[in-house]
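Take a look at the structures listed below.
Each of the next two complexes has chain A plus one more chain, namely chain B in the first and chain C in the second.
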Partner chain A sequence: MFSRQTIIAFIALVLLAALGLYVGTYTIYLLNLAMIAVIAAVGLNLLTGNSGQISLSHSSFMAIGAYVSALLSARYGVPFWAAIPTAAAVAALIGAALGFPASRLHGIYLALATLGFLQIVQIVIEEFADITGGVRGMRVPKPAWFGAMLLNEYEIFLVVAVSCVFAVWSATNILASSYGRDMNAVRLSPHAAQALGVAVARVKLGAFALSAVYAGVAGGLLAMVVGFIDPIEFGVSAALRQITYIVVGGMGSVAGSVIGAVVLSGLPEVLRPVREYSDVIYTGILLAFLLFMPHGLVSIWDAARLSLRRALARSFAK
Partner chain B sequence: MTATLAFQLAIAGISVGSIYALVALAVVIPFKASGVLNFGQGEMVTAGAYIALVLTTLALPYAVVFLLVVLVGAIGGIVIERALIRPIIRAPEFTVVIATFAIGLLIKGAIQLRFGDSPAAIDGPFGMDPLLVAGLRFNPTSVWIFVCMLLVTFAVIAFFKYTRLGKAMRAVSINAEAARLMGIRVESVWRWAWGISTAIGAVAGLLVAPVIGVNPEIGTLILRGLVAAVIGGFTSVPGAIIGGLAVGLIETFSGVIVGSTFKNLVPFIILMLLLVFRPYGLFGVAVAKRV
Partner chain C sequence: MKRILSILAGAAVAVVPAMAAAQQQGVTADTIKIGAYGPITGPAAYIGLAGRDGMNLAIKEINAAGGINGRKITVVFEDDAHSPTRALAAVKKLVEQDQVFAIMSVAGSNATVGTIDYVRDKGAVMYVSIASAPPVTWPFARNLFRGGTTETARYGELYAEYLATNAKNKRIAIMHGREEYPRNEGDATVDKLKNWFQIDPVARVEFNINDKDFTSQLIQVQKANPDVIAFFGNPAEAAIAMRQARELGIKQPFFVGSNMVDPSLVTAARANAEGVTGFSLIPFLPGANSPEMKQWEANWRKEYPNAPAGRPNNFDLLAYGDMHVLAEGMRRAGKNLTTDSLIKGLEGIKDYRVGPVATPRTFSDKHHIGNLTLVPMQVKGGSWEPVQWQSKRQSDILSRYK
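What follows is the complex of A and B.
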């Protein structure tokens, strides 16, 4: 009755929920950040890894999600379950608006346009300080179910876990759909895709809007979990961090997004003793993967599976 | 706006625009030669400022500092090109874009580890006392920046026009494979394109350091430099210079006209509009591609 993906998603959710009961506050916080990183990475990978569109402004859509949901709950008392989807919808609209010009650009011109967009978002947040708190940041009220009924720590964790599992599940299904095949076709050869009847510009535009939804949700959850947002959190280095997730994990693979985001958001904990080197190490990892392992960590798994299958085939042939 | 104010703003705009022009030039040269846009070029500027800082504390004369900055900048670029760019030059554009970004961040990270985040001051060669000419105030450092920019520009134009290597570079930028068949060593052209561009970037750092101080964030100049390069059309040397000056002038004048809140937004709005309507710049030529 249920597809394999759906069953796996349920099992993952139950395991996560159980895990959340047995670990301490700090671990829950780290798990939350890792799952938010997964949501953002999944969205970016659909756009960059599958549709082949360079984006240096993924963190800006996180910023839009974070600020819209934070402002909705701080100013109008909107509960999180309405604020975050609204923020994601706003992010999607702005993503489509950016996708409109961006779908005409490619390569470095697209990189430049998205970099310009990132700067515009940063400057707008910094300059409209009466609304956003500017460079000093803004406090985000604690999330509530209704009015004064606040979520406790475990409930927040569950919300993030459900969102994360849903993000992974939905991305897997999108990639298995005809739209997912269109996205891959646009990356591999826009001209061939066009010739075969794929509406290339529309697919690119959709990919921008779709990835913005994931980023918007991730941003809204981040604001809720951390309780404080400032523009630096969503700058160029954040955009590069998300690109690092998908490069290290594996471009164009949902599993790659998950692996990259989890491994790399755990890294600061491992690097704690050499904290001042962590930026350099992070960038070094990105560069090393680009140079030596451009298909990311999932390629190890794929290669292992392939050689296993070959070994099996050989033993059966005997 | 009085004429004096307008003149004064124009002087300020041309001074800051000269720096943007140099950064744009440094971006355009390797792009022309190898199709690689160096998003890490801003950190080459930062590196130039720090090299100047270190050499100045050794009490070397300014001319020696200048030459050493050029030399170290060029060597740095040649090393980066050989070690990091050439292995991925045929990789997808995404890889190259992100790699240049990462190289920039690595340099910035290394500088922050060595020197920390606190800014340091460095003196220009002519001090900061303004010169008064016909009622207008000229900051000698600004004049020096403008003169250096002009010298670099003419040197680059002459290089492309008269030297063997410059001609080879032009040939490679038109068609690398045909150039290779004509016996031009394409790899050597890439190497020198990077060396020249990082040397120009480092000089920009040396020049801007007395104005904005030596700090790890100098590299954000690259954003204005990129806008300048887009205005100039990405492959044209005079275009990059005019683009740089235009960004400088637009920035200083828009500060007065639309207020400081929107001043910072203006270059990026121009960037977006240009990318949408004229992606090959005001001076570039659209490339027709046969598929």
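What follows is the complex of A and C.
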């Protein structure tokens, strides 16, 4: 009746909801940040890991999601459940607009084009300071169900958890669909894909729009959770950080996106005790992952799953 | 029976305050645990590392002198990497996991503002040493205090008055960075020039952080023929702009924002810095010839013998002075140290400073802006020297707190 993915998603959600009841708000905040990183990474992996398009502007779509939802809430009192989907839709439209010229580019040229888009978004945020708060940033009102009915910390956590689980579930299903296979075909060989009847340009454009939706939702949730946004939070460092999530986690893999985002977004908190040396150690760990696990952290998971299957097969054979 | 009741009542009177003290988070019979945060990694680490070291030096002195009413101060410091998101994580950890009594911010403006709503809700005292962002002190919050740096609007008042009284033909050009701090300085200065002195800048140009070429901005400034060029950015940018200005034949003097009134500007700009003016948040800069500063620097170097070049800097001094102010507030709070008694202790501080190396701090129950004093300085003979100049105008800053 329900697919395996749906059952796993439901169990994950129940476990997360239960976990939220037993931890303090500091841990809840860290879990929120990790889940938001997962949503962004899953979206970027669809674009880069599956459809093969390098993007250095994923953080800009997060910025669009964050600022649109924050402005809708702050200026027009729109509740979060309407503001965040609207922000994601705006991000998708802009993503599709970027996808048009980007679908003609690849490799380093596409990276540069998306980097240019990131700079444009940064300049727009900084220059329209009357609306966005510019470089001084913008405080985001506390999220509300309706009017003055505000969400508490646990309710915010549940919203982020539902969004995260839905993001992972939907990405898994997209990859299992014909469109997901088209994306992988475009990455492996655009010419072969075209010869087989895949509309390469349309697939690329769709991937841009789709990844922008995930980034937009992640941005809207980040604004809600932190309560303050500024352009630096969505700059080139954030874009590069998101790329490391999927590279270290495992390119083209939803599980890899989840593992990479959770491990790397949590690592700075784990490294707090080493204080000013944390950057050096973080970079060292990152290099170690890249050198010794070129297929990403997900390869550990895959290897473990394979061993388990073999062990089970052997035990049944006996 | 009456006697038993009176003994019980007496015991209750004695026990209740002791219980209250015992229940106060972060305060034990012999320690006060405070939390602090600032950037010790990333591009703004020069702020947080200096803030942390200056604060720790003060804590060492306070504890060596017997602590606060018999209690020694311990500190938990967390990195915010100059990010509001990380700053909020740091403060949540300090309050909920480390259970600190009060928080000291040696962070930048945006990182500090990112924590404000949470700290307001929690009610713990947060003493902000370095961030100048307006939301720290307005709207007024009983548990938020600003120490060493002053209000952005106060910079504007003093800069505008100094520029207007010293520019012969009232022709002032403004160059400022696009980041938060220099833009705030530029806006506040333009606002006061217009409203107090009816002066519009003859040119106003912007640049980006880490820019290496200011030729186009300087040509615009040159065309406007100003008496003085007010430059708000970072020392590295100012040094390049000053060299390029001289190369373009621009001879007008430079006035710089308070964050650039620092030995690093003289080191970077060398001869081009000669004659540059600006306002300092501290009476003496590290490297000054005053005996008090030399003694303070000797103490600092004894504590940090392997410090990198350029240290101690202004942020060491600001955090050092502010840690002493926070300690003075705790001292005035008395033996029964609670958040409420600390707030009252701090609000009782009038013109307090730990020594000649710090500017005085004053708080009241109406406002928590500790410092409205800045010292005008000029580069003479390769070092920053105080300039004889007094502000003649009443500040507008406190009028909204009545």
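Just so it is clear, the second predicted complex is superposed on the first by the 285 of 318 C-alpha atoms of A that agree within 3 Å, B and C clash if a C-alpha of one lies under 4 Å from a C-alpha of the other, contacts with A are read in each partner's own complex, and residues count from 1 in each chain.
The definition used in the following text is that contacts are C-beta pairs under 8 Å (C-beta built on N, C-alpha and C of every residue); 3 or more make two chains touch, one makes a residue touch a chain.
All values derive from a computational prediction rather than experimental measurement.
K.L.:
Tell me which partner A:Phe157 touches in the superposition: chain B (first), chain C (second), both or neither.
P.N.:
A:Phe157: touches no partner chain.
K.L.:
Counting only touches as set out at the top, which of chain B and chain C does A:Asp279 meet: first, second, both, neither?
P.N.:
both
K.L.:
On chain A, which partner's contacts cover more residues, chain B's or chain C's?
P.N.:
Partner with more touched residues of chain A: B.
K.L.:
Going by the contact rule set out at the top, does A:Leu291 touch chain B (first), chain C (second), both, or neither?
P.N.:
first
K.L.:
In the overlaid three-chain picture, which partner chain does A:Tyr29 touch, first (chain B) or second (chain C), both, or neither?
P.N.:
Touch status of A:Tyr29: second partner only.
K.L.:
Which chain A residues contact chain B in one complex and chain C in the other?
P.N.:
Of chain A, residues 276, 279 contact chain B in one complex and chain C in the other.
K.L.:
State the interface residues of chain A toward chain C in the complex, per the touch definition above.
P.N.:
Chain A reaches chain C through residues 24-26, 29-30, 33, 126, 129, 134-137, 139, 142, 222, 226-230, 232-233, 268-269, 272, 275-276, 278-279.
K.L.:
Taking the touch rule as given, give the residues of chain B at its contact with chain A in the complex, in rising order.
P.N.:
Touch list, chain B to chain A: 31, 37, 39, 84, 87-88, 91, 93-95, 97-99, 101-103, 105-106, 109-110, 112-113, 223, 226-227, 230, 261-262, 264-265, 268-269, 271-272, 275-276, 279, 291.
K.L.:
Give every residue of chain C touching chain A within the complex, in rising order.
P.N.:
On the chain C side, the touching residues are 40-42, 45, 49, 77-79, 81-86, 88-89, 92-93, 95-97, 109-110, 113-114, 117-118, 133, 135, 178-180, 183-184.
K.L.:
What residues on chain A touch chain B, complex-wise?
P.N.:
Contacts found on chain A: 48, 52, 54, 101, 104-109, 111-113, 115-117, 119-120, 123-124, 127, 191, 237, 240, 243, 247, 276-277, 279-280, 283-284, 286-287, 290-291, 294.
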